[in-house]
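One chain, subunit A, appears in both complexes that follow, with subunit B as partner in the first and subunit C in the second.
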Partner chain A sequence: MADLKGWTGNILRVNLSAGSVVKEPLNEEWARQYVGGRGVAARYLSEEVDPEVDPLAPENSLIFATGPLTGTNASCGSRYMVVTKGPLTGAMTTSNSGGMWAPELKFAGYDMIIFEGKSERPVYLWILDDEVELRPAEHLWGKGVFDTEDLLKRETGVPDCRVAAIGPAGENQVLFAAIVNEKFRAAGRSGVGAVMGSKNLKAIAVRGTGAVEVDDPVAMMRAQWAMKQDLTEAPLTSEGLPAYGTLALMNVINEHGALPTNNYQLAQFENAEKISGEELAETRLATNKACFACTIACGRVSRISDEGVGRYAVTTSARNWKHATEGPEYENAWSLGADCGIDDFDAILKSNTLCNDYGMDPISLGATIAAAMELYEKGTISEEQTGLPLGFGNADALVALTEQTAFRRGFGDEIAEGSKRMGEKFGDPDVFMGVKGQEFPAYDPRAIQGMGLGYATSNRGACHLRAYTVSAEIVGIPEPVDPRATEGKAELAIAFQNISTAVDATGLCIFLTFGTSIESIRPILTAATGAAMSDADLVTAGERIWNLERLWNNRAGLTSADDTLPKRMLNEPIPAGPAQGEVNKLGEMLPEYYRARGWSEDGRPLDAKLAELGII
Partner chain B sequence: MSDQVLSIDPEKCTGCKQCELACSWIQTGAFQPSKSVIRVHVFDEQASFAPYACFQCDEAWCMQACPVNAIDVDGQTGAKIVLDDVCVGCKLCVIACPFGTIFYDKQADAATKCDLCAGDPACAHACPTGAIEFSSVDPGEWVVDFGVAVNDAYVRAIEGEGS
Partner chain C sequence: MPTVRLFAGMREKMETREIAIPARDVRGLLDDLALRKAGALASVLFDDPASEARVPHQDLRVLVNGRSTSFLDGLDTALDDDDTVTLMLHGARGYPGG
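Let's look at the complex of A and B:
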């Protein structure tokens, strides 16, 4: 791939059934059309995997994809996307992670890894530049992510290697199991870890000493300098996120009356301050931490408080600080906290750390426990079934269930199925707060109308990262929009979806959009790849990827009937707070969304749109 | 000769490695942290990140150890520089350096170290948090004490008295 820089030009195809590893050239045409990461991987998946496949069958593929800017000095060029058919949703899922793993893969000389089939025995993939091999992992099976990483660094004799692994949750095919790299960065959602577990693949350890070359190094440096300047000047990326992390949102969203509490029965949490970014910074923050090349550094390294140590001590590894851990992110502090009515920060930190070690998505875990708590308080399930009192606010139950879920022990076996399947099993499907089988994140769509539309139309089920209209509707970036209005929200959600998808595809972090714009990102991309492209072309590439994902999902059996919200969001007004009386008016927004997308009334991309985007 | 030095404040470092990227870019025009001669070390136990690069010691042991006089002093910056065409790749300098800040480059079969980018270090420009600055600073008593302590320990060690 001499013509296109930024890329290494190589992908690894690993057939786990055959035990084979083949190095092949990256499809350059697809790389040009779909930018990278999420886009190129979606193109490969649509070409190679039957949409109707059982997500946990060997016929499903698991793709790890970087972008052309991953491993360069572009601010926040640390990301990879895991693309597969998700077991939680039955849709194409795209699960993103930062840290140091993805750049290491590029330095080793690979843009993507495609895993096919299923290994007979547990294995891990070892990559040291040109040396690539599948190695036995029986001795790692059953171990947590933290131990797995430490053991692999020791046994490979390469302490600089980076490890992405699953924990017991992935092995036990918990439907929201995650893939975790460097212990605390995760491709968290939709159960990508369960797919990895279904293939008997424990980990990928990689060390790379090579280079990522760019087309025009000087233009690259200038463009990066300009973007770094944007990030230094924007308050959120220069002050808010470094100081408080994503947890800065806890108080903000609560003040807007949009903080879902007790499984979305309320929209404000009276003790939100006790689990806020300000509280963390004051009482527990050791330092902030960056992913590779990140000039924001929103990561949290946190301590358990003295009182909490007795009950919720955390040891991340033999080497690590005795009572320090990383996180929590806002979404996790919400799901494990407010959504379960829990204000015990130490318990949240403990549960969050267990999620990292066991390899589980804390959003779906917390939200499913919250749904179970509602069932328990309604009397639908009893202590006899749950094995422990499960009222809202029970911090001990949260920590106990986190453990049980990863190992599918006791009532954890029900939680491991996610709240949709759990609700259906106990005869109360309306207790599920999410879309397409995936639980909502931390914003009540009744108080923020655009988020409702974003959740409903997200290709990977309810998600805050696919259309983060909160940015405009609450924070005022790029410009303030009334969160209660429905007018214009179709266009707003579409703009956010297309831009976010484009940023994902480059290999950069979506948080860049809080401080800079496509106009600053695009020149970096063109300097890196050398492929001419306008700002509009990049956004159109985002639209192309979105449509391709949608098309595949339609073929997988998803229809417009899946683009909906739970009854509670549509019919039950918020009982109190600034957004009292509001419901989500999805019906007013969705038809307009389909029209503006160029889709049919039943939500299928029309041929004219697909032709315009060059998909057919 | 300039009195400017690389001043590193680990408290400000977030571990992002922009310095390593900038350093490798200056040397190769590409992004290759394995070639960087400034490196960020992560101390898990202290939850701290420490960029480290050559201190440009006055009494540079790398220079003294070199059997072919391949390490010279840049008259402008005071940086100790490796003369590529003289270096034979014997690694004695790597062994001699008490700080681990001179490296052996396998591909070039030669030693490689920080040359302060001829007086305008790229790592200092790239650092987003001001953890690395190129400035004239008073090294302070502790640096002198630290230097003496390290020196004493080294001398004791090679004289066989233990440390």
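Let's look at the complex of A and C:
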């Protein structure tokens, strides 16, 4: 990588079937065209993996990709993206994580790792600068993420190495298994951990002693200073997120009547206050926590109870806080809480912690348990089948099923398939609340129309981070947009999709955008890489990546029929609360979305658009 | 009289979760609150608390029965005794989440 800075210029290609590790140069042309991380990895996957591949077959690749700003001094430059074909969705998935792992990979001298094939026996990848090797991991198989990290730090003799690992859920190919780094930061969604487990790859432990070279350090510091000013001046990034974390949203969304409750049967949870950010801050918050180079620090370190030993004791961080854990994020507290009708914060924290240790996505886990609770209350499934009473509000059942699911024991084996497959198996597919096989996050699209369009068109299945129109529709930023209207929502969703995709590709955290804008981020990218680029060019790169993902998904067999919402969202009005009577009007928004995207009426990127973006 | 519900930063500034305010519209309600808690609170309710032109602070969002006043009648939104008013400070800038 002679010309482009910010990158190390090296990728690791690991063939697990052959047991080989090869260092090769990063494709610079793709790095320029697709910015980084999510974009460059999507291009590699497009070139190298048959879209029709079985996600859990050796022919699928698993790519860990950083961006050009990962590991630099850019605020929040901590991120990496795991890109693969997701087993939950059958779509290209792009699952993002922060913490310290990705910068460490850059310091070791690598931008990306591509895993191919399948190891005959469990292995982990060890990286210490130029020393890279696959090592046996039979002794780690079956262990949780927490033990795996502790053991690897001990046995490598490098206690400050960073570890990304799967737990039992990944090993057992739970379809929403996650990859977890530093115990509590996760590439959580779409089952990337199951792909890792299918390859018999337990962990990647990395230590790097180098640094990331940037093109113009002075310009970078100036641009960085300006962006830090933005973050300081925005109360949300300087006060709100540090004080309450994302969990501040619990009461906000509930007040708007958009908080899905009891598997989306209701849109307000009467006990939302008991599982809110305010409640956490008052009763359990030990401190907040930041990822690498982060100036926001939205992470939560939470005590389990006033005395330290709650109804569900958790001891994960003995060196620092005797009876503490991390989290929960808003989405997790919602899925494990309101969506299951549960207001027991101890149970939510316990289940959330188990999700980190066992390596599972709490959103899909909680939402699938919620769907099972609906089946149970309808009488579709019985206690004889579930092995425990499964009505809404049963906190003990939540914790028990979290355990069972990771190990595919008892009824947990059904939960492990996700709510789409589980509903189909028990003859009630309509209990699935999601898109493309992936469960919804925590915003009812009947109350927030743009979120419905964002969910339906998300390339990785239902997701709030791909088009967070909540900002405009609920928060009123950049300008207030009526959440119940459909006009202009196509353009709004597209704008959010393109910009968030571009930010993802840089290696920065999307939460930066709560206090700053692309106009402040782009100069940092330019100073780091040395590649001339306008603000518009960066957004266009986001559009390019979005279209490439869509094109690959089309080739994988996904069509406009997959850009839809559950019947409940389209036909069943919200029964009570501020948004009573509302349904999502996807049919009014989707055709306009396709038109504005430059796609065909059946949702396929047209050649003219692909040519305009330089994809063909 | 209308009930005002407060969260996060607003709750900290008012030192209560809920308060009843005798007001006939949102403008009157904010004026009443500003009088009760002058200083820190007034400065987050209005852009310029000293100005007679009552311009709501850019970070303030007011809901009446869960509906933003941006889509009702703004400060002129009428209030009934059984209405619930929610006051929130968002503090976001840029293009949040995008």
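Just so we're on the same page, the second predicted complex is superposed on the first by the 608 of 616 C-alpha atoms of A that agree within 3 Å, B and C clash if a C-alpha of one lies under 4 Å from a C-alpha of the other, contacts with A are read in each partner's own complex, and residues count from 1 in each chain.
As a working rule, a residue touches a chain if its C-beta (ideal position, glycine included) is under 8 Å from a C-beta of that chain, and two chains touch if they have at least 3 such contacts.
Just so it is clear, the structure is predicted and the values come from calculations on it, not from any experiment.
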Q: Could you say whether A:114 touches subunit B, subunit C, both of them, or neither, answering first, second, both or neither?
A: neither
Q: Kindly classify A:214 by the partners it touches after superposition: subunit B alone (first), subunit C alone (second), both, or neither?
A: first
Q.
Which partner chains sit in contact with A:291 here, subunit B, subunit C, both or neither? Use first/second/both/neither.
A. first
Q.
By the touch definition at the top of the document, which applies to A:496: first (subunit B), second (subunit C), both, or neither?
A. second
Q: Return first, second, both or neither, reflecting whether A:342 touches subunit B, subunit C, both chains, or no partner chain.
A: neither
Q: Once the structures are superposed on A, label A:14 by its partner contacts, choosing first (subunit B), second (subunit C), both or neither.
A: neither
Q.
Counting residues of subunit A touched by each partner, does subunit B or subunit C come out ahead?
A. C
Q) Counting only touches as set out at the top, which of subunit B and subunit C does A:71 meet: first, second, both, neither? A) first
Q) Touching A:277, do we find subunit B (first), subunit C (second), both, or neither? A) second
Q: Mind listing the subunit A positions that touch subunit B in their complex?
A: 71-73, 75, 100, 103, 107, 208-214, 217, 221, 228, 231-232, 242, 286-295, 297, 301, 317, 319-321, 324
**Q.** Touch list for subunit A against partner subunit C, complex
**A.** 230, 233-240, 243-244, 248, 251-252, 255-257, 276-278, 464-465, 467-468, 470-471, 475-478, 480, 482, 484, 495-497, 499-500, 503, 510, 513-518, 520, 577-579
Q. For subunit C, which residues count as touching subunit A in their complex?
A. 5, 7-9, 11, 59, 61, 63, 65-68, 70-71, 86, 88-98
Q) How about subunit B: which of its residues touch subunit A in the complex? A) 14-18, 21-22, 24-25, 28-35, 44-49, 126, 128-129
